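What follows is a pair of complexes built around chain A, which joins chain B in one and chain C in the other.
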Partner chain A sequence: MRNFSYSRPGTFDEACRVTEHTRFLAGGTNLIDLMKSDVERPAHVTDLKSLSMNQIEELPDGGLRLGALATNADTSAHPLVIRHFPVLASAILAGASPQIRNVATNGGNLNQRTRCHYFYDPDMVCNKRSPGTGCSARGGRNRIMAVLGTSEACIATFPSDMCVALAALNATVNLHGPKGERSVALRDYHRLPGEAPWIDNVLQPGEIVTSIDLPSVSFGEHYTYLKIRDRLSFAFSIVSVAVGLEMESGLIRRGYLALGGVGTKPWCVPEAEALMKDKPPSHSLFRDVAERILEGAVVDRDNAAKLKLAPRVIERALWQAAEGTPQSQTCKTIR
Partner chain B sequence: MNVISAKIGQPVSRIDGFAKVTGQAKYAAEPHPPGLLYGVIVNSLIARGRIEAIHDEAARAVPGVIEVMTHHNRPHTALFEKSYVDGLGVPGSPYRPLHDAEIRFNGQPVAVVFAETFEAAREAAMLIQVDYERWPHNADFDAALYQKYMPSKTRSNYVPPKTRGNASEAYALNPIKIEGRFHLAPEHHNPMEMHATTVIPEEDGTLTVWDKTQGPQAVQTYLASALSLSGKKVRVRNPYVGGAFGSGLRAQHNVFLAALGAEMLKRPVRVTLTRPQMFTHVFRPEAVMDIALAADRDGTLQSIIVEGVTDTSRFEHNMENLVIWGLIGYKCPNATADYKIAPRDTYTSSDMRAPGAATGVNLFEMAIDELAWACRMDPLAFRRHNYSDIDAMHNMPFTSNALREALLLGAERFGWNERPLAPRSLRDGKELIGWGMATGIWDAMFSPTSARARLTSDGRLHIATAASDIGTGTYTILVQTASEAFSMPIDRIDIELGDSTLPECPTEGGSWTAASAGAAVWLACQSLCEQFLKLLKKNKNTPDWMKQDEITVAEGELHGVRNGSPVALSLQDALSFIGQDSIEAEETAKPGLRGKISEMRKARFTHSAVFCEVRVDEDLGIVRVTRLVNAVAAGRIMNPKTAASQVRGAMVMATGMALHEESLMDERYGRFMNHNFAEYHVPSHADIPEMDVLFVDEKDKEISPLGVKGVGEIGMCGTAAAIANAIFHATGKRHRNLPIMSGA
Partner chain C sequence: MNHASPTAPCRLRINGQHYAADLPPSVTLLDLLRERLDLTGTKKGCDHGQCGACTVLIDGKRVKSCLVLAVSIPDAAVITIEGINQDGQLHPMQQAFIDADAFQCGYCTPGQIMSAIALLEEGHVHSREEIREFMSGNLCRCGAYNGIVEAIEHVIAQQDQDSKGEAA
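Moving on to the complex of A and B:
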């Protein structure tokens, strides 16, 4: 870790005043880790914790607003989240550990960085860490890397579980910046690496995530968050799927689906979701949906297994949702 | 504390438990002498080459930085390579930290920054730039296999395999056979406490070294020799060790560099490794075993052929006893094995919990399972049929071997006789259920060890030996031993371990400490007691009843007979008659002539039988271990609580070996890339089921003076195979690579 200055402003306007070398601090479970590893080298750290944005409140249309500083633990345990957005609670509980979730915040989760081994090791060249230096992960030990949305420059996944559910739920991210406030659809919030993998998302310098809005949905029990990982708890996903289905008399009126662990961002394909419209659940339908979502996937040296696994996880998750038997995050049997 | 049940064999809770959970137990990185400097190591980013230049100007400019130590400015160290040989006896030329400009492995220390604060040292370390001349390297295991060899000088504990019969002919002639290449990924020890050293130059010119090690005396010898210090100057202490699993068998570079820094700067110095740096030194070697087995139609094993290779560095020849286990345990008339090592440009692999056997037993037991199924025999019945009552490789009887009882006991607890023979027979919802088993075997070793017992005027008994408690419960079992040998309540016993100045004890490893240090403490206490009673009898001040033969020590009091009725006296009062503050005895437990003869004529092993249930979601490639039963035959169990905890811990580690743990080598750089706990997966709680550990009664007067064999490693041997075999029984699919990862 390198020396840095620190401030804890009380107003948004103050907090927004940043230089290129400022980083915002929330729970610190990701930022501090990266600073210790010499991956992040901020000259100044602006602590957001004095800003008032830790509430979870109902929106007039039946949706919910999640404060950026609300912790992952509080969010997953909130009665309104559990009642109306259980797929989100489930996704949060599938991530990290209780200790980390107690500190990690919603805003931090959205902005956490990749777990690519090479990104984490400052001795390795990495475009995401040092623009233009190259990508060590390609051709390397990349079993955990992405197969969708990759580029020559970067194949790293965006590792969040929470954001997979947020993407499925069509959440909106609310921002406060030097130029005022704006909102961005979560599905558009994270960027594909393209030629500039060092830019993870659309956040502009000085912009702060203030809250996340969830539009109201009516999935009932027809949802699931299914996460496959290398051990049964406390590991990032190899493949994960968030699904919500609006069902009516045996038909899927509308399907919402996002993938984690396989893409460079939470992976959604609206055309695949549209395939389900007004159809009854069936193996062939779910196979088509999986196929459509995974279209264009590219594998590298070690990660072909992800592509083999992903369609099976997608189909299983769709059945769990269709049958109203969502995956438990405590019982490890997969239904 | 329950004081009454404190003898050998009682489930006494750890006596150091309270100190540990309240933070009073001090580990190597915790002494905080005034003027302490913090050292942070800078590691090489190439695997082979030369350092051309080290740019440390920016580092030196960081406020608080005192020195940047490199091969250019380090103090003088020993001239000859042989001075750097440590106690483990790995042949080759030992790595000498900061010796010269040559880089021999990725992560090799190239500089150490010393600063007034840890923060300054760390920041400065990040600012150091090194120019390298890069030389070609190979870190790919498969490529290294082409260079496999047998070193001309072998490791001292290496047991060469012995051929019997004609295995290749028998393989050709017999009808039922299996053959394949089995593989284990490299693993890192990753004890919870990372390697660390605090070195304190004392006013009298001596150095006190707090090190995370399994052998304070071995480190003391190493430092004295490598740093060209006279033996007396260094005192090494390791009263508490937060796990090691073998990573503390060799003196690691942190202790050398910290001592060198303290010599250079004449100040106290601490060097700690980070978790990523824990992946720059020792690891369990990657291994392949080509195994071919054949049986006749009755399911009698007729041929064993094993060829095994493990990796080593380019500069040392690390070896394991990898290929012998099946030849020892199975009564097959034709058997042969070959072992070689394959060099790559990494640091030298090293011993990790049950070295050789953890790999060799598990991979061999996976092959045996394949043959049992090829014979369409129940794997337990197959083993019972083929297992040998003597060490079949050396043709020697065992001092004891209760494996048959272990198999029975474990099978009964597990309910094995309900098992359908065919794979894919058991199912629950979407999960296939499989039952697998394997047997385990590990050395039962004894090493000469000394201990001291002292009785002081306050009536307390003090025990001391240079043994290390690496978290296994050594403090506790030695106090129990002393309590029984001297007949003293444990709350009146003090014990000191982990200090090179204490009576001699070999490095903790190989599960020999319980047997060896236990015997030494027993002898010292008995000898002290005899001496005490003798002094009382011959002293002219003692009353007459104390001069009688009847006097004894019992439960911390002196007992005798006065005027026909029993009398008791406190030890303090008894001692005051002698006019000495304390009395003391030091004894060395050694095999003796009878023991040496026994060692030549009899084989000495612990055994186990492991049973496992898994549930597999085949579609998603998810394996859940849902039951594990391990029946262990390990001689006399000194403390069933700490012993079961050792076996359970090893079973967790073996579950990691079967399903999770793999250090990912990127051959292009020669670096293990998943060098942190988020990406190097050890089992989490969710991965571990209820585990049943059973001990089989096994009386063995010959194995060691107390009849103890040791239990630190046996839990590794067989458990991973039982899991892999259960996966086959669930799915009908064989996996020959460990770990078996999700989605595979």
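Moving on to the complex of A and C:
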């Protein structure tokens, strides 16, 4: 790893003063890895861990505020998260490994980079790493790459599990920057690659994620996080689905749905969710929902299997949620 | 002389011993342990957070020391495989790994043992499936997984027996 200068400011104003060669450090599980791979080469690293952002607290409306520096492990084990947002706890436990989750933070999860092999290899051209050089993944070995939200310039997936649940839950991201504070819907936080895939999200220079707000929901047991991957644990998703259903008298009053592993960002289609409103669960409904959320998918050389797999995973996840039998992240048998 | 390479203060307690020095910020906790303190029990496998050979405890929690900057954890208590013996006796988890034949080449073993000790602290011990899932951050290229799970189950059973003994 190349060396760099290091600071650990105690105030936001100090932390926000950055140059284009500064990187923020939280848990570091992705940044340090990228620095070792020579993908990130910061001249200065600003460590955010002295800023007070590790609380998890209830909001007045029954929602929850997750501090950006709370670790993934602490978040998934927090009684309020387990009681009110088990789909989030489940998604977090589906990702990474216990050692990583003990260090990785909620804010860092939002800002992690893709795990596209070509992005990680400085010997290959990659528009996300080196703007304007081209995309090695298109036409390359791209079995794990995205089928939704792709562009000529980039087909890399956004790798998070946690953010898939946050997207389904309509979370809000709170930011602090040189120009003050603002909030962005999680669903609008990550960018489609378009012609500028090197810009992953809407963060402005010097802006820091301070917390994530979850609005109150009432799924009861009608939720699931179902993740399909190449091995049973500690692998990025090929297709994953977060679902929450607000059910009443056998009808879905409101459905919340997001996909991971298939899109260049956590994938949500409000029209697909709206199809479920006031309908009873049925095979034809769930097939329509899957078809609608996957509309516009584009496959490349190796990843056509995702389009066969995804509808099955979506429908199975919707049934798990409808039946109130969420997927266990310990026993991996899919029921 | 070249440009002075930046340094930052590092203050730690490692296996009970105080450590303080100015280090290049790019030094990982793993490299500090192995290259500067000669604590080579903690292994470098992949150096990318994937294999778990470098697992140590920081303030009681298991982490991959290859992904932690040594300067970024001020005043933390670090425990490595060298720090778990109990008055010169093997830690029960070490003994269980020997008894269950839970390794072949032994390279992943220090990380497996540190991870397993933390696993028991966390309480993820209710089934074989749960143990396997919560040990998934530690890879074993010799494939000693069955022995590893057996060793962990043995220590759990031992602890259960000890706590029953105390209650009686």
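Keep this in mind: the second predicted complex is superposed on the first by the 335 of 335 C-alpha atoms of A that agree within 3 Å, B and C clash if a C-alpha of one lies under 4 Å from a C-alpha of the other, contacts with A are read in each partner's own complex, and residues count from 1 in each chain.
Operating definition for what follows: contacts are C-beta pairs under 8 Å (C-beta built on N, C-alpha and C of every residue); 3 or more make two chains touch, one makes a residue touch a chain.
In this text the structure is predicted, and so the values were computed from the model without any measurement.
Undergrad: Check whether A:Arg316 is in contact with chain B, with chain C, with both or with neither, and answer first, second, both or neither.
TA: It touches chain B, and chain C stays clear.
Undergrad: Of the partners chain B and chain C, which touch A:Asp123 in the superposed model: first, second, both, neither?
TA: So A:Asp123 only meets chain B here.
Undergrad: On the A-aligned overlay, A:Val45 touches which partner chain: chain B = first, chain C = second, or both, or neither?
TA: second
Undergrad: Could you tell me if A:Gly139 is touching chain B, chain C, both of them or neither one (first, second, both, neither)?
TA: The first partner, chain B, only.
Undergrad: Considering only the contact definition stated at the top, list the common interface residues of chain A for chain B and chain C.
TA: Shared contact residues on chain A: 1-3, 37, 232-234, 332.
Undergrad: Going by the contact rule at the top, pick out the chain A residues touching chain C in the complex.
TA: Counting only chain A, the residues touching chain C are 1-6, 8, 25, 28-29, 32-33, 35-37, 45, 47, 49, 73, 96-100, 102-103, 232-234, 329-332.
Undergrad: Touching chain B in the complex: which residues of chain A?
TA: The contact residues of chain A facing chain B are 1-3, 37-38, 115, 117-118, 120-124, 136, 139-141, 143-144, 228-236, 238-239, 305-306, 308-309, 312-313, 316, 332-335.
Undergrad: For chain B, which residues are in contact with chain A within the complex?
TA: Touching chain A: residues 43, 45, 119, 122-123, 126, 276, 429-431, 615, 617, 619-622, 624, 659-660, 664-666, 668-669, 671, 673-676, 678-679, 681, 683-687, 741-744 of chain B.
Undergrad: Which of the residues in chain C come into contact with chain A in the complex?
TA: 5-6, 8, 24-26, 28, 47-50, 52, 55, 61-64, 67-69, 71-72, 74, 115, 118-119, 122, 124, 127, 129-130, 132-134, 136-138
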